Structure formats: C-alpha cells, structure tokens
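In the two assemblies presented below, chain A is common to both, partnered first by chain B and then by chain C.
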Partner chain A sequence: MNAAFWDKLQKVDRRVLYVVLVVLTSIGLFLKAEIPVAVDDSSADFYAKLMKIDPNKPVVVQTDWTISTRGENMAHLECLLRILMTRKIKFVYYSATSDAPAFQVATDVIRHINEERKAMNLKVYERGTDYIGLGLFPNAEGANESMRNDIKKAWGGRRVRMPDGNETDIFQTPVLKGVNSMGDFGLMVVVTASDTIDFAVQRLNDKVELTGMATGVIAPGMLPYYQARQLKGFAGGLKGCYDMEYMMKHGINHPEEGGKIYVNAGKIVGEVPPLGSGKDLARATQYYADLHIALSLLIFAVVVGNVAMFAQKKAKKGAE
Partner chain B sequence: MDQYLFIKLSVGVFFTIGLYSVLYKENKFYRFCEHIFLGLAAGYSLVAIWTSILYDQWWLKMTGVPAEGTSKMVPGYFMYAVLLPIGLCGYMVMSKKHNWMSKIPIGVILGLWSGQQVKNWWTQYGAQIYGSMQPVIPTTWSSLSRPALYTFNEAGAKVPLSPDAAAVIRSNIYATQALSNFIFVVTLVTALSYFLFNFELKGKFLRSFNTVGRWLLMVGFGALFGSTVMARFALVIDRMSFIWNEWLKLGR
Partner chain C sequence: MELLAQARLTFFGMTPNSPELWVKIIVTFILGLGVMFAFTKAPIRARRMIVFSFTFASGLFYILLWLWPVAVAREPGTLPNNAVEGVAFWLDDAVPRIADVAQILTAFLLGLGIMSLLTVHTQRIRRKAQDWKYSVLLMVSLVTMVGFGYVDWIQKKFQDPQGKLLEMANWGPVQYGQDLLFDGAYQQMEAAMFSMIAFFILSAAYRAFRVRSVESTVLMASALILMLSLMGALDFIWTTGINNLVAQTHNPFLDNFKISEVAGWVKSTLQTPSIRAIEFGVGLGAVAMGLRIWLGLERGGVSA
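So, the complex of A and B:
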C-alpha cells in the first residue's frame, strides 16, 4: 500500500471514531452475553462476607456518588441492595460527600429496586422497619469521626416516618434498636466515586468490618487497604460489579448441574451459595459485554494508528 | 405517572445529546445545556444545604425536637447558635479591613484536623506498613505453590481440609509465594527510593536501583490509566443504556 493510503488513515477525523463508538456500544447493549470470568480475590471476599454476615445485625451503607458515575456506581448499589434485601438484612444509608444530589440518587435506586422486587412478587423493603435514610453529611472526615466517637450523638435527634405514619426516633426503630456503637453493625459498605473511602479507613476500620465498591478510577487505590486487611473485600469498577453478579448467579465453589463449578475461588474455604432469588445478572452484565466491544475498538484504533504511522514513515523513506 | 416519567426521561435525553454535541464542535446547544446544568446544580445544592445539612445537623440540635408518638422530646442545645457567627466569619475574607476574622473558623478547622491526624495516619498506614513486611524465603519445598485448602470427596464435591492440616499449609511459605513477596518487596523499596531527594545517589548500583523504581512506578501508572479508561467507557455505555433501555424501552 502506498504512502497516500497510510496518510489518509492517519488523518481520519476523530468524530468518525466517536460515531463508530456510539454505534458499537449501542449494538452491544442488545447482546447481554454472560461472559465467563475469573473473579478477583477482592470481589470473592466481598461476596462471601455479604453472604455470611449475621442477618440480625444491620449494615451501614455510605453512598457517595451522583449521576456522573452512574455507569459503575449505580450497578454497584443495585447489586448490594439485591443481596441485602434477599438476605433480609436491614440497613441504614447516608451520603458523606459535598455532592448534594448523592443522597437523592441513592434513594431513587432503593425505590427502583423495590419496584423490581414488587414485580417479582418479592418482599418490598419499608422505610423505618427495614431501612433508614439519614441524609447528607457534607464532610466525610467529620461524619466518620463523629460516628467513631459516639454513634448516638452523631445521628442523635433524627426521626423517621414509619409505615404507620408516625415519626419515631431512629434508635427506636427495628433497624437501629440495640445499636450503641459502630461495632454493633454487621458490616459497613462504602459505595464511592471519590476519596471518601480513605476517610472511612482512617476513622472506622478498627471499629467495624469495612468493605467498599468504587469506580475504576478509585479502585486501584483500594488495593493496599485490601492487602493490609483494612478492607475485608471490595468490588472495583465494572469488572468488580460483574464479578458480584456472576457470583450472585453461580455462588463460590458451588457445584451446579453436572457438578460444574463456575467460580472456583481457592482462597475461600467451603462453599458460598448463589443468591437464589431475585435478579442476579443485571446491569453490570449488560455493560460488561459492551465494555469488551468498546475496548476492542480502542485497541484496534491504537494498533491501526501505530501501524499506519510506521508504514507511512517507511513509505516516505522508500520514496526518498 | 408514566407520562411524567416519559417527560422526565425525554428531558434527560435532550440534555445528554446536548452535552455530547461538543464532541462534534463547540456550539450554542452545548453551551445552553451546560449553563442549565450548572444552574440546576447550584440551585439544588443551595436547597440541600438547608434541608439535608443545616436543618438536621444544626437547627434541630439547637432548637430540639418535640415529643411525637412513641418518641420522647429531644431538648435543644443553644450553644449550637455560637457556630453561626463563627461560620459567618469565613465570609469576611471578602473584606479588606476585616479579613482577619476569616482566620478564626479556618483556625478552628485546622486545629481539629491536625489533632486527629496522628491517630488517622497510624490507622491508615500502620496496617499497611505491617503488611509490607513479607517473608521472601520459602519455609518448605514440599510443593512449589501453596496446596489447596480443600479436597474432593467421592461424589466430586469440595471438602475443606481439617483445621490442623489447613493451619500447617497456612503457616508455611511456598516457593511461588516467596517469589511473589520478593517482587512486592523489590517494587516497594525501589519505588520508595525514587523519592529520596535529600542526597545524590552515587554509584551504578544505587542509580540502577532508582531507575528500576521509576520504571515500576510507570508500570503502576499504566495500570491506573487502563482502569481509568475502563471507567470512562462505562460512563458512555451507561448514557447509551439510558437512551436505548430506559427512554426507548428497547433491549431491556
């Protein structure tokens, strides 16, 4: 091929690539393939932890993300809520970030999961009896520090409207009855798109078992915490969330029909069952297949661009 | 309700397309969407500051909450009122004459923050320092890699090993573990050595050590960048899903 061809290839308008990306990612959404995956140790630990915690102890969910990272964090929170609701674990949630819509966004996800469960004839979670929303705390450092010192003072005076219409002190509700300190929670999960996980580790990792779900940008920074056992497990990025959905369907070390084990995590001793009821493969599964298409396009463009550059140089040298 | 939802989603799609239109070129449609977005964000934050933050965390604590139903009355604590003038002092930064007053809230925040840092530093990094002390010499050569902590029964199902057998396996360092730990320790030490700026590294060995650290840091940055790219793609995919799955109700 002559230099003109490579020259033309090098000068392809970037907008053409954008159009190709939009078309391919749109097509990818309709594929919904269940891609076999080797789950990360951190995801396996997180799933095993969620499936093994005492259902009589409530879980704290700190949700620090907004629409700008919905692609990953919404899938994370949906996945977490499906597990908690299926296991009938009560939870309390709040946002500790300066992004004002964070709490509302999380509330919308709870409503959406409740609608999904209602359509599947599963138990719907009621505010006050099954979960409590505490609102927005604009400063994660301050919020986590006061929770560490005295949970009753940090959340004191708050009331929640119960299903019967009466307002009740949050510590008198079935969710928080008997909770006097962070150690009384079964687990804390930080769903985040920012460094709030750092503050939770600094302030709370010695008070409550801490786990996390974070975007692909934040997740690599969580690895040192996981390796030092400050985090008992985490789901990082879309891959981590797909791992979770995959384990929700197949369990860990769990033989299915014909004795086939889909997730063989040697680190986890014994068997962790799949979720059993409710949705398992959902948003992350759909996006994960699509991510492969987008990344293939990226790799293809990088390879073609580099080949074109070298071929162009070679053709120019030949012409001289 | 369905009609309201459709209108809401349609507005979302309108602004999604508007904001992505900048990829074609800078245009007025994009600017319009951007300004609406910024205005909404500012307005929403203003309301949220009162409803979600100041009302719950300051006003109710100051004024107290009356008894209702089974809930007892919570007495108010009027010392919270002192926080208002202290906080407002922060705005004095705008005044040339009185800007010294803005240093009061900054001083309080810095004092509180500094006091917490010693404990926080140790809680954050103490466990990581301890976890970095990894053994690099194998304690057994009975197997190159760590044996599984389970066995299979006659039906082919996994059965955990006895606690004693598992404890023996866990207490040993196998060759592949030692190699992995060695790579970890070399990476840690060389990467840290890259940040030694107090004295000049002399000699071929020390300089090479430093160079290895720089290369390993670059490998780390490459992995971080790869993870970031995946995160960005997830955002595009979600917007496509918003249009196709949620708005047009196709492919759900």
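So, the complex of A and C:
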C-alpha cells in the first residue's frame, strides 16, 4: 500500500470514529451476558467483608456521586443495597459533596431497589425502621471530622418520619438505637466519583472499618489505602462492580453443582456464600460487554493509528 | 466551657414550626444580613483584616485540635480538672459546631452561584444582549426546577406523614413533574454531557497516542496491560491457556504471565508507589500553601 493510503488513514474524519463508537457501544448494551472473570483481590475482600459483618450492626453509606457517573456508581450503589437488604442489615446514608443532587440521586436508587424487591415479593426497606437518610453535607472534610469527634453531636437533633407518621429522633429509631460512636457501625462504605474517600480515610479509618466503591478514574487512588489496610476492600470501576455481581451469584471458594468453583480467591480464607435471593447479575453485567467493546475499540484505534504512522514513514522513505 | 456540651438540642434539631425556632431563624437571618451589609461597607484595608482574622482563627482552631492533649475517657457531664483539660473539652465540644459552620459556608457557595447567575443573566435580558433568549430559558428552567422541588418537599414534609409519596404508585402531578424535570431532563443531559468524553478519548487515541519515545512506549504498554485486565472475557481465555500450559509443562513460573498477574504487578509495584509519591508531594505543597494562607502571606487568599 502506498503512502497516500496511510496518509488517508491517518486523516480519517473524526465523525467516522464517532459513528463507529456510537454503533458498537449501542450494540453492546443489548449483549447482557455472564462473562467468566478473575475477580480483583480488592473486590473479593469487599464482598467477603459485606457478607461477614454482623447483621445487627448498622452500616454507614456515604454516597457522593451524581448521574454523570451513573454507569459505574449507580451500579455500585444498587449492588451494595441489594447485599444489605438481602442480609437484612440496616443502614444510614448521606451525601458529603458539594454536588447538590447527590442525595436525591441516592434516594431515587433506594426507591428503584425497593420497587424491584416488591416485584420479587421480597422485604421492602422502610424509612425510619430499616434505613435513614441524613441529607446533604456539602463539606465532606467537616462532616467526617465531626463524625469522628462525636456522632451524636454530628447528627444530633435530626428527626426522621417513621412509617406510622410520627417524627422520631434518629438515635431513637431501630436503625441507630445503641449507636454512640462510629465504632458501633458494622462498616462504612463510601460510594464516590471524587476524592471524598480521601477525607473518610484521613478522618475515620481508625474509628470504623472502611470500604469504598469508586469510578475507574478514582479507583487507582484507593490502592495505597487498600495496601495499607486503611480500606478493607473496594470495588473499582465497572470491573469492580461486575466482580461484585459475579460473586453475588457464585460466592467465593463456593462449590456449585459438580463441585465447580467459579471464584477461586486464594486470599480469602474459607468459603463465602453467594447472595442467595434477589437480583445478582444486574446493571454492571448489562454494561460489561460494552466495556469490552469500548476498550477493544480504543486498543484498535491506538494500534491502527500507530501502524499507519510507521507505514506512512516507511512508504515515504521508500519513495525517496 | 461546658456550655457547648450541654447544648444537646441544636438549633437545627429544634421542634419543627415551633415559635422559638421561627424567632431564631428570623433573628439569625436579620443578623446575617446586617453583618454582610457591614462587611460590604468596610474599607478595603479593614476587609483584608477581617478576612485575615477569620482565616487565622479557623486555622488556629484546627491546629489546636490536632496538637492539644485530647481529653481521654470523658463522660457526659464531666467537669475539667484544669485549664489544659478545659481547653481540650472546649475543642472537643466545638468540633460539631465548627463543622456546622463549614457546612453552611459551603452551602452559601450555592447561593452565591445562583445570585451571580441571576445578576449576569438579568442584565443580559435587560440589555437584549446577543443570545439573550438562552438567558430567559435558563431563568425559566431555574425557577421551574426550584418550584417543583420545593412544592414536592413541602408535600412530603407536611402533607404526607405516612410517607406514601415515597412510592411511585401514590405520586401526584408535582412528583411526576419533579421526576420528569430532575430524572427525565436534567440527569439525562448531565449524563449526555459526560459521555461526550468517550468521543474525545477515542479521537485522541487514534490521532495523538503515538509511539514516538521510550516514555510513550512505556505508557502505552502499561495502558494496554491494564485495559486488557479489565476485559474479563479475554483475561479468562488467556488465564485458561496459561493454566493448561502450566499443567502440561509443570512449570508454575508461567503463572506470572497471566494478564491479571501482570496487571497486578503493574498496579502494586509501579502505579501505587507513584500515586503515593505524588500524594506526598501534593500533601507537602498543601501544607506550605496552607501555612502561607493561614499566616496571611498569600495575598491572593486574604485580599478582598
């Protein structure tokens, strides 16, 4: 092939690339399939932690994302809620970000999961008795420092409307009764699309067991905390969430029919069972095929771009 | 010193709609407006001093909180034994209050943003500047979204004690309107804006990501390994192949060539130390900048 061809290939109209991207990723959305996967250590630790915590202790969920990262974070939060609700673990959630819609977005996700559970004849979580929403704290650092100092003062005086219609102090509800400090929570999970997890680690990691779920962009920043055991586990990006869904279906070191073990995580001692009821393979599975397509396209684009560059150089040299 | 410790019922946790709460809200609002007005009338030199004083006091609080001996095993109602413990108690009690102030100040940024938006776009509409119709659209969208949001909140807060409106089956026109605007329009547009990045990434990968130097080659190789490790299907096929090879050759060394192993090595041996080093650098920079602002050496930080 001559230099003109490679030159043409290098200067291909960007709109062609855009069309290829739209077409291929649109096809990917319809390919919901269970793809065998080697789960990350961090995801396996996170799943094991969620499945082993005391169901009588509530969990704190800090949800700091909005819809721009829903591909990853909505899947994260849904996955977390399914595990908590199936294990009948009570939880309290709030947003600690200056991104104002974060709390509303999380509230909508809880409503969706409740509707899903209702359709499956599973227990629906009730505000006040099973979970509490604390609202938006626009300053993450201040909120976490205050929680570290004294949880009763940090959230003091807040009330929640119970299913019977009466307003009750949150610390008198079944969710937070008996909670006097962060140490009384079974776990804290930060679902985030920004650096708010840094503040949680800085302020709270010695007070409560801390875990996280973050976008693929933020996840590498969580690795130093995970290696230092300041984070007990985390699900990073869509892959991390797919790992979770895969483990929700197959467990860890859990033999299924014929003794086959789907997730063989040597790092986890013993067996962690699958979730058992409710949805397991959900949003992350829906998007995982698309991630394959998008990444393949990206790799293909880089390879073709470079091959074209070298071939063009070679062709030009040959012509000289 | 114990005043803060005794204030179990905070301003924000008082009985809703109680006359006492309304009086406090109105008084605080008027006082706040008065203080803000006074600040705007202060001469430039005084403004600098005010900003510096607030900055110094805030910094001093957190430095004391960090360095001052902590009150150990303090029980509710305990009185301090000496001045050192008294300061420790005071700091301990003040943290939630300071955090509340920080929350409110951060929330003010939203109000400030709306005020600025209204000022700029009102002027554009009044002057009929270029594309002023978009400013009208923006104002209408802002008012509509706020209106639906507030009515929805009022209905849920005051007219729905049983929490029935939490279920979609019980929604009224306001909830459907709010959902249409927030979930149906705003969120979809935000997602669409964010997803545009994909187009730029693909275009840049095709046109700009070139192997022209050793650095770019290393970058490309690591990126390729990490991208491949995110593709579970490929990783699975590759791992199965390696497992078969190990079984045939009885050479466990080959296990090191699994994509997940190589990616794990890149992440734990190259990526994590690099991030740690960068964060150390950023941390040192933040300390230096924090000190400059706290001590009023950074003119940009304290000038009004």
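Following the convention adopted for this analysis, the second predicted complex is superposed on the first by the 320 of 320 C-alpha atoms of A that agree within 3 Å, B and C clash if a C-alpha of one lies under 4 Å from a C-alpha of the other, contacts with A are read in each partner's own complex, and residues count from 1 in each chain.
Operating definition for what follows: a contact is a pair of C-beta atoms (placed from the backbone, for glycine too) under 8 Å apart; a residue touches a chain by one contact, two chains touch by 3 or more.
Computed from a prediction, not measured in an experiment: that's the story for all the values here.
Enquirer: Once both complexes are superposed via chain A, do chain B and chain C end up clashing or fitting?
Expert: In the arrangement built by aligning on chain A, the partners chain C and chain B clash.
Enquirer: For A:T69, is the partner it touches chain B (first), chain C (second), both, or none of the two (neither)?
Expert: Both: A:T69 reaches chain B and chain C.
Enquirer: Is A:V37 in contact with chain B, with chain C, with both, or with neither (first, second, both, neither)?
Expert: second
Enquirer: Quick one: is A:P163 in contact with chain B, with chain C, with both, or with neither? Answer first, second, both or neither.
Expert: second
Enquirer: Kindly classify A:N180 by the partners it touches after superposition: chain B alone (first), chain C alone (second), both, or neither?
Expert: The answer is neither, since A:N180 touches no partner chain.
Enquirer: Scan A:N56 for contacts with chain B and chain C and give back first, second, both or neither.
Expert: Neither partner.
Enquirer: Have a look at where A:N149 lands relative to chain B and chain C in the superposition and call it first, second, both or neither.
Expert: second
Enquirer: Touching A:Y287, do we find chain B (first), chain C (second), both, or neither?
Expert: Only chain B is touched by A:Y287; chain C is not.
Enquirer: Just checking: does A:A301 make contact with chain B only, chain C only, both, or neither of them? Give me first, second, both or neither.
Expert: After superposition on chain A, A:A301 lies in contact with chain C alone.
Enquirer: In the superposed model, only one of 4-12, 22-30 or 202-210 in chain B has C-alpha atoms clashing with chain C. Which one?
Expert: The stretch that clashes with chain C is 4-12.
Enquirer: Show which residues of chain A both chain B and chain C reach, each in its own complex.
Expert: Common interface on chain A, chain B vs chain C: 18, 21, 25, 68-70, 100-101, 137-138, 141, 145, 156-159, 166-167, 169, 216, 220, 224, 227, 237-239, 291, 294-295, 298.
Enquirer: Applying the document's contact rule, which stretches of chain A touch chain B when the two form their complex?
Expert: Within the complex, chain A touches chain B at residues 15, 18, 21-22, 25-26, 28-30, 32, 68-72, 74, 100-101, 103, 135-138, 141, 145, 156-159, 166-169, 172, 198, 201-203, 205-206, 215-217, 219-220, 224-225, 227-230, 236-239, 253, 255, 259, 261, 266, 269-271, 283, 286-287, 290-291, 294-295, 298.
Enquirer: With touch defined as at the start, can you tell me which chain B residues reach chain A in the complex?
Expert: Per the touch definition, chain B meets chain A at residues 23-24, 41, 44-45, 48-49, 52-53, 56-57, 60-61, 64-65, 68-72, 74, 113, 116, 120-121, 123-124, 127-128, 130-131, 148-150, 155-158, 160, 166, 223-224, 227-231, 233-241, 244-245, 250-251.
Enquirer: Give the list of chain C residues in touch with chain A in this complex.
Expert: It is residues 8-10, 12-14, 16, 92-93, 95-96, 98-100, 102-103, 105-107, 109-110, 161-163, 166-168, 182-183, 186-188, 190-191, 193-194, 198-199, 201-203, 205-207, 209-211, 220, 224, 227-228, 230-236, 239, 258, 260, 264, 267-268, 271-272, 275-276, 279 of chain C that touch chain A.
Enquirer: For chain A, which residues count as touching chain C in their complex?
Expert: 10, 12, 14, 17-18, 21, 25, 35-38, 40-41, 66-70, 98, 100-101, 104-105, 108, 111, 114-115, 127, 137-139, 141-143, 145-146, 149-150, 153-154, 156-159, 161, 163-167, 169, 216, 220-221, 223-224, 227, 237-239, 242, 288, 291-292, 294-299, 301-302, 304-306, 309
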